[in-house]
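As written, the chains take the letters A, B, C, D and E, and residue 1 is the first residue of each chain.
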Amino acid sequence: MEIGKVVGSVITVSKIEELRPVKLFLVDILDSEFKLKNDFVVCIDTVGVGFGDLVIVTQGSGSRFTEISKPTHTDAAIVARVDDYNNFLGER
Amino acid sequence: MEIGKVVGSVITVSKIEELRPVKLFLVDILDSEFKLKNDFVVCIDTVGVGFGDLVIVTQGSGSRFTEISKPTHTDAAIVARVDDYNNFLGER
Amino acid sequence: MEIGKVVGSVITVSKIEELRPVKLFLVDILDSEFKLKNDFVVCIDTVGVGFGDLVIVTQGSGSRFTEISKPTHTDAAIVARVDDYNNFLGER
Amino acid sequence: MEIGKVVGSVITVSKIEELRPVKLFLVDILDSEFKLKNDFVVCIDTVGVGFGDLVIVTQGSGSRFTEISKPTHTDAAIVARVDDYNNFLGER
Amino acid sequence: MEIGKVVGSVITVSKIEELRPVKLFLVDILDSEFKLKNDFVVCIDTVGVGFGDLVIVTQGSGSRFTEISKPTHTDAAIVARVDDYNNFLGER
């Protein structure tokens, strides 16, 4: 999984059936210094997040292992909000 | 998933059975500033899109979770057209 | 999927059972300007291609969804020969 | 799989059910000279590791093939602690 | 699949059950000019290889489609030794 920041949302009309009831957010993934990689992923929200939140993103088949994302064809899901983290990179 | 722009199409004759009835589009993926990455993906169209459209692309096994792509061996599908989006990257 | 060019072949003796009867080609993937990325993939040929051909490559589990590749442990397959393509990148 | 170093941990409250009882570590992946890539992965710990440990990380569907990670939607798991390694890169 | 060179091995004590009886090698992947990418993968050996051998590596779920790797949670396996190859990149 990766840590990302919710930086936007996507509105689609002509999408296929399975994605209709879900929210799609733009999540920019963080590098190991917690800076945005400028490389975003369109994620199904399975938690209930807001703009600016730090979140955990699962990609690949694992993204369809939640109640909300199971019937969809997604390849990325927000599966948790990050409340805090410890980073010992300074020790290097 | 990722946002991409439909930039071309591919015509194949000698392709294997499963891909025959589907349209294959070239989609260039966007970075977080909505610029083309110059890195395209050959996608099955499951929505009905046109050149220049912004679309959502699913890669990996999720691309075979639609009615149209299920019987194929694809690893990428256009699953929605993007009608609008909000981007709060300017807040950074 | 991606477009690549067949640039070589691989001969293996001590390979495991499942890969014995198949041909393995080196395919260099193209970027969106149709230049070689210098990043090749070893692919099972499910179509019957030759050196220099432009081909479509499926990676991941989708590469095992063809009659020829199904019993193998491959993660990449040539699934079509590209006969023509339209590219509207010049419009950008 | 890849070798990484445990560089931090993540605390989440509003995470979905499946991830509740597991520990999430930040693991920075190593390049072939055993330097940190500054590209970390959020991993489920299936072994019992500590900060600074060198570990083996499995990504993708394989990360859910352990007793601890099976019921989760993870895409990355720590599956072993590295006790020693031989590196013959100097021979190149 | 990709071509790589066996450049080292990994010794783990505290690994989980499924990986116990298998050998783990460090494989550095080659680019299209057959130079090391300095980006290695920890692979299960399903063939019986030695240091310096050129090998074919399968990643993802395909790596668990061999007799040896099936019960494991690996995401990478050495599936063949490369005995020879033809490379027509010079024609470009």
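Keep this in mind: contacts are C-beta pairs under 8 Å (C-beta built on N, C-alpha and C of every residue); 3 or more make two chains touch, one makes a residue touch a chain.
Treat the numbers as computed from the prediction; the structure is a model and nothing was measured.
Number of steps on the shortest path from chain A to chain C, with steps defined by chain touch: 2. Common neighbours of chain B and chain E under the contact definition above: C.
Where chain A touches chain B, under half of the residue numbers in use are shared by the two copies, so each contributes mostly different positions. Inter-chain spacing, taken between the CA centroids of chain B and chain C, is 19 Å.
Here the CA centre of chain C is 31 Å from the CA centre of chain D.
Across the assembly, chain B contributes residues 60-61, 63-64 that each touch 2 or more other chains.
The cyclic arrangement of chains, taken from chain A and going next to chain D, is A, D, E, C, B. By the touch rule above, chain A contacts chain B in their complex via residues 7-16, 18-19, 24, 26, 28, 36-43, 51-52, 60-61, 63-64, 72-76.
Chain E meets chain C in the complex at residues 1-3, 31-33, 46-48, 56, 58-67, 77, 79-89, 91-92.
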